[in-house]
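Naming follows writing order (A, B, C and D), and every chain is counted from residue 1.
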Amino acid sequence: MTGSLESRVLALLTEVAPDVDAALVLPDVDFREQFDFDSMDVYNFAVAIHRALGIDVPERDYRELSSLSRCVAYLERARIARTSSSST
Amino acid sequence: MSRELRLPSLGADMDAGTLVEWRVRPGSRVRKGEVMALVETDKGIIDLECFEDSTVERLLVEPGTRVAVGTALALLAGEAAPATQVGSGAEVTAPAVRASPAARVRARVLGVALEGLAGTGLGGAVTLEDVERVARTAAAVPVAGKAAGLRAAIAAAMSRSKREIPHYYVQLTIDFGPAAAWLGAYNAHRPPLERLLPAVLLLKATATAAREFPAFNGFYTAQGFESAAVVNLGVAIALRGGGVVAPALLDADRKPLAQLMPELQGLVERARRGHLRSGEAASATLTVTSLGEEGADAVLPVIHPPQVAMIGFGSVLERPWVVDGRIEVRPVLGASLAADHRVTDGRQGAQFLARIRDGLSKPEAL
Amino acid sequence: MSGAGEAPVVRERALELLRGMLRIRQFEDRCAQLYGEQKIRGFLHLYNGQEAVATGVMECLGPEDSIVATYREHGHAIARGIPMTTLMAEMYGKREGVSRGRGGSMHLFDAATRFYGGNAIVAGGLPMAVGLALANRLARRSGIAVCFFGEGAAAEGEFHESLNLAALWHLPVLFVCENNLYAMGTALARSQATTDIAVRARTYTLEAQAVDGMDVLAVAAATRRAVASLRAGGGPVLLECRTYRFRAHSMFDAQLYREREEVEAWRERGPLISFTRRIKAAGLITEDDFQRLQAEAEAEVDAAVVFAESGEWEPVEDLGRFVYAETGA
Amino acid sequence: MSEARTTTTYREALREALRAALRADERVFLMGEDVGRYGGSFAVSKGLLAEFGEERVRDTPLSESAFVGAGIGAALGGLRPIVEIMTCNFSLLALDQILNNAATLCHMSGGQFPVPLVIRMSTGAGRQLAAQHSHSFEGWYAHIPGLRILAPATLADARGMLGSALHCPDPVLIFEHIALLTLEGELAAEAGDVDIRHAAVRRTGRDITVVTYGASLHKCLEAASELGREGIELEVIDLRTLRPLDDETIMGSVRRTHRLLVVDEGWRSGSLAAEVGMRAVEQAFFELDAPIARVCTEEVPVPYPRHLEDAALPSVARIAAEARRLVSRVP
């Protein structure tokens, strides 16, 4: 399901920053470096993730949202954690 | 009694604009706050709002026309005073972009900025083909073109500022510990949408202080300085691809943090989409720039004329800090003030910064 | 009171000719007044003094004949039978005018009476009259073309071209030169080497004759002979009617070019005075008749003014009408 | 279903038009200098005197004002005169009649007196006839409301415009270019009246709209062929009717090509070319992707020697050069 999550994250990313071309996003480079992401972008990104994926990223984990691969890995873990917690 | 809707000056660095689209027609009844037209400026497309209920009698300017600030755009009927701030009516002196009429129309339709575009037509004019080629290639190109125009506008405004305003600077390092702690606690229990950014605290603290120091909040014009009755706090917003704009958070001193945050979010979004509202594009009475997470200690800003002061915040950094005679590691923030010596002096500036510091030390009161 | 082969001057005819001249005189005097009141604008050229010419010529024409006149043509239009009401409305520029107000004083047109204007270019009407006669000839119609012009026109090329062409093609044109001695302010002798217009016409082989233009009967008699010749297939004829204009060339004219005494002398033998004197002396009419005709003419002019006053302005939206024919192909 | 076609010339087509008009309507007659015995100074009316007689083919004295005025009078009198003025230079001697009477009477009489007159005259340079016989005055006449101005550039128009003009209740001036008299080509045997209200697109192309008329049409078409080999496509419009102008066809083309070149044998200042260009500015400004350009006759009285005359007139080379300039790109 990683591919699907990645494409959803990319969609959210372009929603937050409409001038970003999803096809050109480098997975391991910091968003800040790639497209001048700032705290407002991170804030918006977190809001979008919460709305679309239902994952509430706490403020202290915002640094996990700094690149595509890091973000996908984090959200993957968060989903698994949520699923397992809800199944118990 | 009919009166004229004139092209307002939406900033000291704006002396002309291109009417992109009318949202009203002759005979239209427009209510206060309704958007009457879209105007393209160097800073993007701006909505021209109606400030009084009116009826449109006649439109005087065709879409696609570049007009000087102060040019009458339409005739309105209604009892009220002129709808928008009236500019100087000065002629456009900046050299116009050389582009064919057809290229101008197509550029507008395709959203391509002509400024900085290399023309291949007769006399180096931008042609239809040039515009279409740019539109076909990556979106980055028009952004670069737009950025060049914006850069020119910034250059003009900042040069004027440095030419005309005798700046002085005051700096103060602020212990951001109490604010950071308060903010962490505030955000911890809230979903992402309701959380606050540190910038909101900085803005609110500045706005509150400005109300107490009106000599830093207002405009310096040919008639001298006049303090503003409200605090419309300009926020310097960096655009991706370069450039900065500084639209205002209206009445920033009177709004609770929970309201300022979504307003700031909206303002940033509109600024980056190039679609600011006329009411917020030009009304700042005092501006703040915050470098956020970029790691700089401090920033010494250049005042946006006709304003008379600007506050700069560096990044919040952990630094050794003396508390009760002992050294502790604390998050600290470099705050700077650039102010107009024609209006205030350094002593007042230091007091103003100190008042901001005090505000940040009691964030719960903000 | 009649010459050889001439229409007899009986009471009815005398009254008719007098009425004709009085109507023109009254109309012109009222126009002068209305001009001062700014009801009439533009150029206004009045016919006072020349009434015998139009009246005498028109008496001899039929409805099949075509008229081409000059910018001093109110008299011709009235004598031709165009109602004074529509003429006055034209002076005002009202849409009820003969030319829908588009022509004004100098451009009276009326298709019903074959009145082809009112031409404000000196000699401009002569070639047209030749063409109207040509049309009659080619269409085998009996009508003739009558062309009025002043002696000033004899200096224009179009005069010579037209006389030559009409004579060359043997066309039924009656050229009526109203020699009032002044082309605006330029006396004939000061501008033309040959002052005898008839002599010049004869060089183009036209039948040409000089007539006392102040004598309505003489004008009529000459015209009647000319028309008979033309209808019988004869070539063009020119009548030089020696007359005088009592008023200025147009309204704004200080008349620096002629002496007051000269004007007074001509007035003494004016067409109205002399004709009235003659027919009264002959016992054809009484002073009462004269007064009655005068009153009738005045009443007709009054009615024409009322008509013109109550007329309407052509709507501005119709400005572009009639630049091209509206009758279709 | 192929229609019969005959090989003919512009001159013969003009003559055939006269012959057909004289046959079709008893009211029609031709008059002018040397139209009868001489056969027309350009031999257009050759043979017509014998066929129709002196009454309907009338030689006139050298009195342009009188015979043009007589044409106006005859038209008012119910006939359908065709007046030939030998060359447009001589038409100046009749300008008073054309402007002050023909063009004016209908309006001035409140619509009572339309003037259904046709005046034909030769126009243009290119035959080394020097300054007094090389004018192009059609643009001047096109300035005058009340007149209709035609400029046949093709065999079909030479054959068809006269008949259409005679059916028109207004004064129509037809300008026949002397350089076209020997133009040869095929014409439908059935050729007759043509539309005289619209311009014609003689060649389509996407790059530049070239508006022209008369003899210049053929220069433009030649330039278009030349440029076509270079990949520059000209859309060539033959105005045909110079007054009233067919704005729709012109602007429709400008909206496609976004460039306008006007080629006019008249002098540049105050020319018909200026009028066409100004209308494009008024009506299609936002469609223009390059400045409007003109190729007109140089502002000199047309000189006699061949090389100077050639240099004065619009040429294929000048038209092509101007077209190339309009689509040129700066590096």
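For the reader, a short list of remarks on this structure follows.
In the analysis below, a residue touches a chain if its C-beta (ideal position, glycine included) is under 8 Å from a C-beta of that chain, and two chains touch if they have at least 3 such contacts.
Since the model is a prediction, treat every value here as computed from it, not as a measurement.
The minimum number of touch steps linking chain A to chain D comes to 2. Summarising the inter-chain layout, the chain whose CA centre lies farthest from the centre of chain C is A.
When the C-beta contacts at B-D and at C-D are tallied, the pair with the greater total is C-D. Annotation: 62 Å between the Cα-based centres of chain B and chain D. Rounded to whole angstrom, the centroid-to-centroid distance between chain C and chain D, based on C-alpha atoms, equals 41 Å.
Averaged Cα coordinates give chain A a centre that lies 101 Å from the centre of chain C. With centres defined as mean CA coordinates, chain C is found 82 Å away from chain B. Interchain contacts link the chains end to end along an open line, per the touch definition above. Looking at which chains touch one another, you get A-B, B-D, C-D.
On chain C, the positions that touch chain D within their shared complex are 66, 68, 97-103, 107, 109-111, 116-121, 124, 126-136, 138-139, 145, 157-158, 161-162, 164-165, 168-169, 321-329. Put simply, chain A touches chain B in their complex at residues 17-19, 21, 32, 35-36, 38-40, 43-44, 46-47, 49-51, 56-59.
Put simply, chain B touches chain A in their complex at residues 138-139, 143, 184, 187-188, 191-193, 195, 197-199, 238, 240-241, 264-265, 268-269, 272-273, 292-293.
Touching chain D in their complex are the following residues of chain B: 64, 100-105, 119-125, 127-129.
On the chain D side of its complex with chain B, the touching residues are 258, 285-291, 325-326, 328-331.
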